[in-house]
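These are the structures, in structure tokens.
The same chain A turns up in both complexes below, where it pairs with chain B and then with chain C.
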Partner chain A sequence: MNPPDYAGLARALLPEAALVLGALLVLGLDLLFFRKHSRESRLRSAVAIGALAVVAAIGLNLRVGDAGSVFGGVLVLDPLAVAARVGVLLLTLLTFGVATGTAPLRHPAEYIAIILFATVGFTLMAAAQQLLLVFLALELASLSLYVLVGFDHARPESAEAALKYFLFGGMSAAFLLFGFSLLYGLTGSIDLPAIGAVLAKHDPQPLLLVALTMVLVAFGFKAAAAPFHLWAPDAYQGAPTPSAALLASGSKLAGLTLFVRLLWPGLGSVAGHINPKYISPGWLPVVVLLAVASLLVGNFAALAQTNIRRLLAYSAIAHAGVMLVGVMIAGSAGFAPLFYYAATYGISTVGAFGVIAVLEGRGGCQRITDLAGLHRRSPLLAGCLLVFVLSLAGIPPLAGFFGKFYIFADALSIGGATGEIGGATGPVGRVAVLAILLSAVAFYYYLAVLKQALVAPPAEGAAPVRVPLAAALTLVVAAVLLVLLGLFPTVLINGF
Partner chain B sequence: MSGLLFNFLAVFTVGCAAGVVLNRNSVASALCLLLSLVGVAGLFVQLDAFLLAVLLVFVYAGAVVALFLFIVMLLDAQGGERKKFKGATIVASSLAGLLLLLGVCSLQAHAQLPATVGVAALPVGATLRSYAELLFTTYLLPVEVVGFLLLTAMLGVIVLSKKFEGLEDGK
Partner chain C sequence: MTLSVQSVWLIPALPLLAAAIGALTPRGGRKLAAGCAIAAMSVAFVLSCLALNGALVNPAQHAVFNFVWFDLGHRTVDLGLLLDPLTALMLVMVTFVGTLIFIFSLGYMKEDANFTRFFCFLSLFAAAMLGLLVANSLLLLFVCWELVGLASYLLIGFWFHKPSAAAAAKKAFITTRIGDLGFLLGMLWLYNSTQTLLFYDGGHGCLETGVLAGLTGSTVAGGLALSTAIGLLIFCGAVGKSGQFPLHVWLPDAMEGPTPVSALIHAATMVAAGVFLIARVYPLMAADQLLEHVPVHALTVVAFIGAITALLGAVIAVAQNDIKRILAFSTVSQLGYMMLALGVGAPAAAIFHLLTHAFFKALLFLGAGSVIHAAHHEQDIRRLGGLRLRMRVTFAAFTAGMLALAGFPFVFSGFWSKEGILHAAHEWDVSQLPLYMGLTAVVLTAFYMTRLMAEVFFGHGRSHEAEHAHENPAVMTVPLVLLAICAVVLGFLGTPAWPWLQSVLTGKAIEPHSIFEGGGLMLLSIILVGAGLGLGWAVYGRRLRQKAEAADPLQTAMPGVFAALADRLGFDEFYAATVFRLNAYAAALADFLDRRVWGGLVSFLGSLGEFAGLVNRSVDEDGLNGGFDSFSEGVRGTGQRYSRLQTGEVHGYLRTLAIGFVVLVLIVVLGGVR
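Take a look at the complex of A and B:
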């Protein structure tokens, strides 16, 4: 056996090292120097150090580049991993910007440090290729997110949201671990390439299907896909706004990267066929069901919401349905459409939560009607919200449109009549058509938000909103990113 | 003989695990957890993983459950009244249970479990040395990640549960 390549591992983990160092610095400096300062200044210094760490991590990640398999295949730094790492780091940076827009919570430094630890989990999730590391990275991220969701002592809803999220998350972690142990028992390996090789040689066994089901339950939870979505509206509503933004953006991008790597390179040989001409069992049929359920539940339940955060939660569920279509086509179309969609969705949802955060700090923003007259109270916020919501709805030329366009176009064209996903007349094509039809439903609730923000008159005595500089900068950067990525989508798409 | 022992230990472990959930008294639940862990340790012994069995008894049965017991007794949580399940919940859960039972039965009837897979098994009665070598070579990164997991958990517990009145800026 070759001696382990510690230097290679250390090099591949430089971005994570920068993040961890940043988190420890945030904690240490706050404890040593800033304890007597006001919460605002503690938050500002913590965010400054944290943002530096994230920027350093992005730089180191780009410098390490796609180094291939690391340390005997524990991690793999392929183009998808590099892109997803940059994506989650960027989304974390935007989340910090959102955090500067809110009224600071009780332990600002610890809050920022835990966000950094969650980001370490995300970046590891983006590159993990060994089941043990997959599970641990997922747990590191999840545990941090449970704490972040329950961070607000002042509001009982925050604790309720954290408890619900934790119970669901713990349950799904148990399912994932059970599925993984069955996979290990069936193949004798915890490395994804080895698992893929063993599975390709044998016919699928019933026990394997049990294992796949267990893994998909955990996937459904992580992606907030129906019917495993029940935690999402409560968590989004109760969590402090930056936590909700991170939950909806970075966590989702990392989770999708992890599971698409698990499902296609690892378990791709047991995907099964969903082409009506020759159906065979596997995980694809289950993902089709999850996608259809998410699209229907997300879009129709969002219509009935009066709370803006719950509306964003149900819209996240609907978007998860589209992302699942992206997962299904990733085997033949590659990861680029899915990554583009998840990344741009993350940016627009962080932006939307950023607008809510600023309003929350200045008088509260729970109901959609709280947005009334935003164009008078703060033209900047209203303009940014317009970009974010239109991108979520998928209006050209914003990035959200091209995300949907690439996924639907591939779903309708790839696979043909004989491929495993069946092309335009196959189930994936049908799901894509359903998703396109439901986009019309989605317009209604997105436009209802915009109507309040842009058309409705402000409430009596509503004062103009002053936007903190860092938050304003974040929102503008996010909006500009959405426009630029919409105008030049090939920058991301051809990056693979 | 080993088959008999396995079946006994399996039933014992699952029975005790059910006891953890079903007991009304939290102390009794914790003790059931202890017995269940001892059963799992017995299963490990059957697999010749002696070190793992000993560690399980030391760390989980010894330290963790003892901690549970302390906390339960300190908080004096005696369970109290439980809410009755609603009709819909009972129907749904019995349906799910039936489905699960059906799945297990059909698996038992139709599935052919692979007799052996190409597992490079650890040497029989793997020693502390071979475990340690694995932890510092193949599984180095997961071990490191567990370290940060525990750090995050500790940070979370302190922030979420400790009262800081008087220690802070008081704003």
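Take a look at the complex of A and C:
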């Protein structure tokens, strides 16, 4: 066995080191110098340092680049990992922008530091290739997120949301760990390539199927896929807005990267068959069920929502359904469509939460009707919201459309890993058709939001909204990104 | 230094750029618009001189630069640029006269609110005219031809708030369009027969021997050679543009435009484009000369049309009272001379006269503009008078122009160019009739110009405006002086003793003759000029007009003839009675068909559609929409029902998690068992 390559490991972990250093700097400087300052200035300085750390991490990540397997395969820096790390870091940067738009919480520096720790978890999730590191990264991210969701001491809903999220998350973590231990017991390895190699030699045993299902429960939790989505609406509603934004964007992108790496390169040999005539056991049929359930639950339940955050939560569940389609075809079509979809979805949902955050700081924004007359109160916010919501709804030429287009086109055209899952008549193709039909339902609730923002007159006495500069910049950048990625989708698609 | 044919596009491109800048300049940007226009024109003049310098190296050569515009099936449509002495001389003339007229306009249009628009249109015209000159393709020439027509329309109607100007613009555009229809047909026919519209293309162009032989070889209806038919169709365009009989009626009306426009477009350049066109396609027009058993040669038609126009214009000009209309009819008459020269086989003489005429006619028009500007837009010669003393520079320059136009011997350029045409007509072996018509027109030209001079400049002012006229600023008089110098000097480029211009244009060295060769004819024409001048002075100069209302001496002598001439021989009335009335009947018929027959059919179909729409609506609203509404309500209800399941109770959530896991495991495992 080769001697452990500590230098390579340190090099690969440079971005994480930058983030941790940034978090410590944020905490230390705040403690030493800014205690006496107002919350606003403490938040601003913390965001400035945090943003620098994130930018440095992006730069380091790009410099380290596509380094391959690191430290005996604990980490893998393939193009997917590099791209996902950049994506996660960018989404964190946008989340910082959202944070500048809100009224600051009681401990702004700690808040930013924990976001940075969560980001460390995300970047590790994007590159982890060993079950132990997978679990550790996941837990680092989850624990940080539990804290972030419950950070608003002033609102009881925040604590309630954090508790629900924590209980749900803890239980799914237990399932995941149980599943991992079974996998280790069955294969004698915790390295994904080795597990894959062992599993490829044998037919799946019932115990393996139980282990796979346990892993998928955790996946369903992370991706907010039905029926493991129940935490999402409550958490989105109760959490401070930047936390909700991070939950919906960075966390989701990192989780998808982690699980798609776990499922295809690791457990691809036990994906199973889902041909209508012949179902062989494996994880693929489970994912099909999760996808269908998510699409139905997300789109239909969103129709009944009057709260804008719960609506975004159900929209996130519906989008999770589409992402699961992307996971199913990732084995044959590659990760590019899924990554493009998750990244652009992250940008638009962060943007939408950013608009909510700004409004929240200036009179509150809970119900959809609170958006009424936004075009009069702040044309900038209304314009950005238009871009974000239309991208979520998948209207060309915005990025959201091409995300859906690439996934559906691949689902309907290619044969899939087993040669028989795709196509218009294959199971994945049928899920795609269902998703396309449900897009029509989705238009209804997205347009209901836009109708309030762009058509309805403002409420009596509603004042114009002044948008803080940093938040305005963030929103405009996000909107421009969505337009540009929509106009030049190949930039991301051909990045792999 | 020379300008190669590849860069000759710069010459039209510069005024085009100036026009674009002018179009984008707001009304206040007078200096910018005018400055750009004049600068572009001056640079174009310098470039034209360089181009001429290059073209003179080998006058017989036609330097071309051809390129493919687009592919049409397996054929290509080519465009090209051409640089030969004909093009280069015209370029120099147009840019030089154009620059002077642009400068003159600075003063003339000073008070106009739409100053920038005026310069934009002028530059557009200049760009189109220069493009027309450098074209090596009948198609490119036609495109520019139509563009100069458009610019002419815009500029005649520049004061469109005057109904007469708007009507004149319309008349000019439509009348020339009639000729252009023939041009277009000829062009299409030519393309169909030869597969090319390039003039010179290394032996494959439509003006080169190989292609022309094919055109003369075949005949069309009536025994005409194909080249004759195509040539006559193209000649229709020239008839329209150059105001030849019978389409001359628009040119006098075009004087409604600002006077610089009349000088530039309707005297010096655009109207000469028809002459230029025939000179350019001269090999095509002359291709049938060798054929013997054809009913008519194309050039014979050209010669007679030219002779008729020359005489007609001169006759009508005698009885006009508007200073610009007199000059307009003299333009018609002089263009007739040029056509006559082309017809009798002397294109070099035609171009010589074109060039000299451009200078002295621009001079006369600018002089008239100077008078009009000074006299506060009084154009009636009966109400002017006595300006000789009040406007000395204008008077001197105008006199030079007038003598050049009348063909005063030896010193003035008009004499030499007109002599060239008369000599060519004399040597024409088909008929001597055009020569006699031309000689008659010589007398008349001298006569009516003397009348004009006497009425405008001699005697005393017969109106308030004329009495208070005073000389214009230098921006208007300097161009007059420069043009006056040219009106004299230019004649010496083409005297029989030194036929430089003729040898350059034909590309062959021409032996100098004695100045007095063919002296008989020259003596005759000098006598005729003298007779015209003397007669004019006898009638108008000796007893100067005292009152504006007094009758014209000719009117008292021959009232019937004078009235007919003043009425321009009734061409407009004749057209109104025939063409317009026919057109009106056709329009009424079309209107009836449109309203009653087609309109009725359409409204019947419309009501049918309306009925179908009603049926459709009831089906849609009650059947489909109702169904969709209830379906949508169902969809929404699903959401409502579902959200009732989301209780917010953590125990329930965790129970769902566990149940979900168990169900999934069962499905997977049992699914595998099957």
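Operating definition for what follows: the second predicted complex is superposed on the first by the 490 of 496 C-alpha atoms of A that agree within 3 Å, B and C clash if a C-alpha of one lies under 4 Å from a C-alpha of the other, contacts with A are read in each partner's own complex, and residues count from 1 in each chain.
Everything that follows uses one rule, which is that a residue touches a chain if its C-beta (ideal position, glycine included) is under 8 Å from a C-beta of that chain, and two chains touch if they have at least 3 such contacts.
Quick caveat: nothing in here was measured; it's all calculated off a predicted structure.
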**OP:** With the two complexes superposed on chain A, say which partner A:68 touches: chain B (first), chain C (second), both, or neither.
**Re:** neither
**OP:** Would you sort A:114 into first (chain B), second (chain C), both or neither based on which partner it touches?
**Re:** first
**OP:** Using the superposition on chain A described above, determine whether A:187 touches chain B (first), chain C (second), both, or neither.
**Re:** first
Subject >> First, second, both or neither for A:206, with chain B first and chain C second >> reply: both
Original post:
In the superposed arrangement, which partner chain does A:231 touch: chain B (first), chain C (second), both, or neither?
Top reply: second
Original post:
When the two structures are overlaid on chain A, which partner does A:171 contact: first (chain B), second (chain C), both, or neither?
Top reply: second
**OP:** Answer with first, second, both or neither: which of chain B and chain C does A:304 touch in the superposed model?
**Re:** second
Original post:
Is A:136 contacted by the first partner chain B, the second partner chain C, both or neither?
Top reply: first
Original post:
In the superposed view, which residues of chain A touch chain B and also chain C?
Top reply: 206, 210
**OP:** Spell out the residues on chain A that touch chain B in their complex, using ranges where they run on.
**Re:** 4, 6, 9, 13, 20, 27, 35-39, 71-72, 74-75, 106-107, 110-111, 113-114, 117, 120, 124, 130, 132-133, 136-137, 139-140, 143-144, 146-147, 150-151, 185-188, 198, 202, 205-207, 210
Original post:
Contact residues on chain C for chain A in the complex?
Top reply: 632, 635-636, 638-640, 642-643, 646, 648, 650, 652-654, 656-657, 660-661, 664-665, 667-669, 671-672, 674
Original post:
Touching chain C in the complex: which residues of chain A?
Top reply: 163-164, 167-168, 171-172, 175, 204, 206, 209-210, 212-214, 216-217, 220-221, 227-228, 230-231, 233-234, 272, 279-282, 285-286, 289, 297, 300-305, 441, 444
Original post:
Can you list the chain B residues touching chain A in their complex?
Top reply: 103, 106-107, 110-114, 117-120, 137-142, 145-146, 148-149, 151-153, 155-156, 158-160, 164, 168-169, 171
